[in-house]
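Below are two complexes that have subunit A in common, paired first with subunit B and then with subunit C.
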Partner chain A sequence: MSDGNRGPGFGRSEAAQGYLLVATPLAYALLLLAAPLGAILLFSFWSQDYLTIDTALTLKNYREALSDPLYRQLLLRSLLISAAVTTATVLAAFPIAYYVSFHVAPERKAMWIFLITIPFWTSYLIRVFLWKVILGYNGVFNTTLLGLGIIDEPLTFILYNANAVVITLAHAYAPFAILPIFVALEKIDRSLHEASQDLGEGYLSTFWRVTLPLAMPGVVAAVLIVFIPTIGDYVTPVLVGGPDGRMIANMIQTQFLRLNNAPMGAALAVLTMAMVTVVALVFVFLNRRYLRGRQ
Partner chain B sequence: MKDTRTEARPIITLEAVEKYYGDYHALRGISAEIRQGEFFSLLGPSGCGKTTLLRTIAGFEDLSAGRLFIDGQDMAGVPANRRPTNMVFQSYAIFPHLSVAENVGFGLRRSGLSRAERAAKVEQALAMVGLAGFGGRAAHALSGGQRQRVALARALILEPKVLLLDEPLSALDKKMRDQMQVELRRLQRQVGITFILVTHDQEEALIMSDRIAVMFEGQIAQLDTPQMLYRRPVTRQVGEFIGVMNFLPARATVTDETHIEVDVSGLGRAVIGPDQLPGGWHPGQTQSVGIRPETMSILFPGETTDRRVATGTVEDLAYYGDMTYYEVRLDGGDRPMTISMKNLVGRPVLERGTEARVAWDARSLVLFA
Partner chain C sequence: MKRPLRVYAILYLCFLYAPIALLPVFAFNDGTVIAFPLRGFTWDWFRQLAGIPALHAAVLNSLKIAVISAILATCLGVLAARAATRFAFPGKKGIMGLIMLPLVLPEIIVAVSLLVVLLQLGLSLGAWTVILGHVLIATPFAIAILNSAFQGLDRSLEEAAVDLGETKWSSFRLVTLPLVMPGIISSLLIAFTISLDEFIIAFFLTGTEPTLPVYLWGQMRFPQRLPVIMALGTILVLASVLLLAIAEYARRRGAARTGQKDAGGFL
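Moving on, here comes the complex of A and B:
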């Protein structure tokens, strides 16, 4: 092929091809991510009076959201619930991931991981209902404890409150936390543990000085994977949360659909996102520190 | 070089050590004494159990049977972290999340030293392995040779009674390896700590060690000084594994116990001493005799000698610059044997097909079972 073919026309068509290639994901990103985000942001600076939307820009919604104790309480509670869920999930996930990585024969690890994902074979809604059956007044848990004579009357603090939300969510997100921690543990060179023992450390101090720091990227990933979606969860609080277990997402839904105050809902959504961003940044920063010196 | 440490006390005693991995018999009755302050090597082909034996000493593997003493103490039930040994792992096992100084100082946590004392010790250990000033580096920014030095410093800083090294040089390139062989040897003399080196490289073992245990299939075939291993291998397998050895069929005829006569195919009759028949003699049976290439020489036209002389033909040769390796078929021999000659000034390199007279000595023969 001669050089004549590689004229400007060729270059242009190449560039065009490039744009075409980029166009689809770009359109996708714009349409499905940027546009809704922009719309929410814009809405949050408007105001609404019954059915009429006032498009004059105002900070009124934010002022209200941050001063009204109801919203403040909901935001705080969402933060606390997802912090509790994240802590519980990661603390429960770590020993499981550790066990599979260090104490399961290599040829059986895949099967264990497979078993861990089994709960995902049923829909989330069904799993939540199952938790209602387990935690309810006449549920499995209470009946068992009553039968064993450990309690005299059914426990009520386990359903229709924040505890139930934490338990249900922690169960739902467990595999998401187990997997990244498992992967991080798998990547640790086993001779490092032996080196630590050889240098005089026991099992526990080897864990603190070698295993945990090296597993940290997995732990941070697990924290983010659990924390980010749980703070905005609204199905679980509705089903098992009761009045005390309601979270900010329920309020956002109410604002949009029942109170016809989309701008207020939008402002609350933006505040929630801001909170998530701050927490995520803290963890990303932590991860950087742990990854220092390793590539 | 005479072994001057013969009287040194044993630092490690292995008594009939056995190790099974499930059904697999990895160590089969290992008994040996390793002496205080010596450079000891475990040499053998891959899979013969060298690493297993080293890990047994370090405390990473339990014994299936037998006993292990370190400095007189029975090590049964003593975990790795409480043994007076330290190890340089084959992969070096440098902690990737720690700096060089943190790696080297890792084992000092329980030492009771102050922060400043520890820092000084780390710097001293780094200087000893030629890494002075590298303390602040991240572990991942090191080359293979530097990682190895860090692993060495990290182990030596704890002043173990025994330093265990599992093929520490195998990951390095040839030049680096040659340099580290010399350095390791120097370091060992300097610190006076007993080193146990695992290697499959016979040359490396010969160069570095005071004594070598040659292992095959979970057993020690011979434990001796490099010179004795080379000159007086006790089995044909050892002779073959270390350096090059020619094997010729031979028959022994015994007149009396100190005067054994062998008839070697191609070389002729010779009288050998009792130290030259590790496998005993079996009159009437064909045994084999081993002889090293450099213990024979090819005589040049007109050259005379009072050594024994056999005749043969040069079948092939390989010229190495300083040396020439000839393949010579002796008259009456069934296989050619290797003879190495230094290329001295005035000594011609022979052509293929040349008739050659081969000078040899009865002292160089070893009669195997």
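Moving on, here comes the complex of A and C:
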């Protein structure tokens, strides 16, 4: 595998060839991802004065975002909703991943995973919209329960509030949680279970002391991959959230497209990302400590 | 433990499919209110779809954007996946991390940051700006699929071709490319599906010509349009599922061709 045994056809060094190949996608990511993110950061330190943008650096936007109760409430609510969605999604996903990994015949696993991922690939907008149709005052859920005589009047706590947002997002992100956990479970050496049970551990204590710690990397990946995008969700709060279910993405959109205050929108976007990063880092740190404590 | 887990798994699948299952039910229901009991069977809502010119323009626009985005994202994906699986170079982790970042970044952040830059540069919004955004978010998925396609390759096949006198490029074209072709097809289809269904980035960057999801979003405000949306949604979901089934078939064939064990799933 070393460079020494290569023929004359492999003239350039390994690293140079790698850089040559990765240059285009990297340039694309730098130009259209890194540079715009940098621009957002810069923008957040500018300020808007009606139609003109003042390019003097200032912390005004951040001060306003952190002191105005409206923004603070939105940031906090987004964080809480996102945390609730993540908890619900990962807890619901774990048994599925466990079932497919441990109790489904190997030749049928691919089919199960395919079945789980199909809904994820259908239009997100349509799926969220359907939850609105299901959970609405005159929706499928309420009319069915009324028709069956289980309730006397439509339930109202299921639409246009934070509950509806959590249900809808937990549904939308389910495959994101199942797949990483499944992959982690697949990697576990099955003989460890036999060893554990041979040594007298029961089913539950084997799960608790062997399976769960080994599956932790998958759980961590699942938590991050659900938590980070959900905090910036825009569609779900608008369609099913109502006034009490609005999240920070809605305010960012309002600042950019309606109020024409891009610097404020940029500051809110940066704050959201900072918040997500801090929570994610704390979570990863706590998990490291948990795993170390287990050893 | 097996039985309760199985029951749970089936219930969970029902939860996953429940909303989508309702689509065709109400797309064919002869009533403007989306609620049980059903009223009767009708093709009316599908027929109405044929008579909306704005919808047809949005569909064409979306198809154009999705085809171009899929091709560009797959090209970038091939380059990155090839670099990541075949070569070792300093800073690889960081570089790949940056390219894969849109996978976890909230889409609204991608959308507003692109919007800010485009407007500051004084560029006008249109189909091409949506394409820029869609390529950005579809590339990580393309890389994930192509990574596994390239990983399954036996490197000695290429080396044998070079030893037998082929140039590096011709051995890539004659040996590597045919072997990863199913991965490329799978990546094209997935990127196409992502672009076709994507809403937020299109919503921010589309300018005056809406894509299909942006058009749909506009229609969702009108209660009397609900059944037509259900009909349109039925067609969209069917198209997505069909594309996916083909992508999955291509991926499995590719895995079989390179002698991999089938691990299942795209991610």
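Going forward, the second predicted complex is superposed on the first by the 253 of 295 C-alpha atoms of A that agree within 3 Å, B and C clash if a C-alpha of one lies under 4 Å from a C-alpha of the other, contacts with A are read in each partner's own complex, and residues count from 1 in each chain.
Throughout what follows, a residue touches a chain if its C-beta (ideal position, glycine included) is under 8 Å from a C-beta of that chain, and two chains touch if they have at least 3 such contacts.
Small disclaimer: the values here were computed from a predicted structure and weren't measured.
S.K.: Should A:213 be classified as contacting the first partner (subunit B), the second (subunit C), both, or neither?
M.R.: first
S.K.: For A:200, is the partner it touches subunit B (first), subunit C (second), both, or none of the two (neither)?
M.R.: first
S.K.: Classify the contacts of A:40 with the two partner chains as first (subunit B alone), second (subunit C alone), both, or neither.
M.R.: It touches subunit C, and subunit B stays clear.
S.K.: Give one of first, second, both or neither to describe whether A:99 is in contact with subunit B, with subunit C, with both, or with none.
M.R.: Touch partner of A:99: subunit C, not subunit B.
S.K.: Does subunit B (first) or subunit C (second) touch A:189, or do both, or does neither?
M.R.: A:189 sits against subunit B, while subunit C stays out of touch.
S.K.: In the superposed arrangement, which partner chain does A:57 touch: subunit B (first), subunit C (second), both, or neither?
M.R.: Neither partner.
S.K.: Looking at the overlay, does A:284 come into contact with subunit B only (first), subunit C only (second), both, or neither?
M.R.: In the superposition, A:284 contacts neither subunit B nor subunit C.
S.K.: Does subunit A have more residues touched by subunit B or by subunit C?
M.R.: Touched residues of subunit A are more numerous for C.
S.K.: Share the list of subunit A residues that count as touching for subunit B in one structure and for subunit C in the other.
M.R.: Shared contact residues on subunit A: none.
S.K.: What does subunit A use to touch subunit C in their complex?
M.R.: Of all residues in subunit A, those touching subunit C are 7, 9-10, 14-19, 21-22, 24-26, 28-30, 32-37, 39-40, 43, 92, 95-96, 98-100, 103, 109-119, 121-127, 129-131, 133-134, 138-140, 143-144, 147, 171, 174-175, 179-180, 182, 186, 203, 224-225, 228-235, 239, 249, 252-253, 256-257, 262, 265-266, 269, 272-273, 276.
S.K.: Once bound in the complex, which stretches of subunit A touch subunit B?
M.R.: My answer: residues 189, 191-192, 194-202, 205, 209-210, 213-214, 290, 292-295.
S.K.: For subunit B, which residues are in contact with subunit A within the complex?
M.R.: Per the stated touch rule, the residues are 58-60, 79-82, 85-87, 89-91, 93, 95-99, 106-107, 109-110, 138-140, 154-155, 158.
S.K.: Going by the contact rule at the top, pick out the subunit C residues touching subunit A in the complex.
M.R.: Of all residues in subunit C, those touching subunit A are 1-2, 5-6, 8-9, 12-13, 15-20, 22-23, 26, 33-37, 76-77, 79-80, 82-84, 86-90, 92, 95-96, 98-99, 101-110, 112-117, 120, 132-133, 135-136, 139, 143, 162-163, 167-168, 190, 193, 196-197, 199-200, 204, 213, 216-217, 220, 226, 229, 233, 236-237, 240-241, 244, 248, 252, 262-267.
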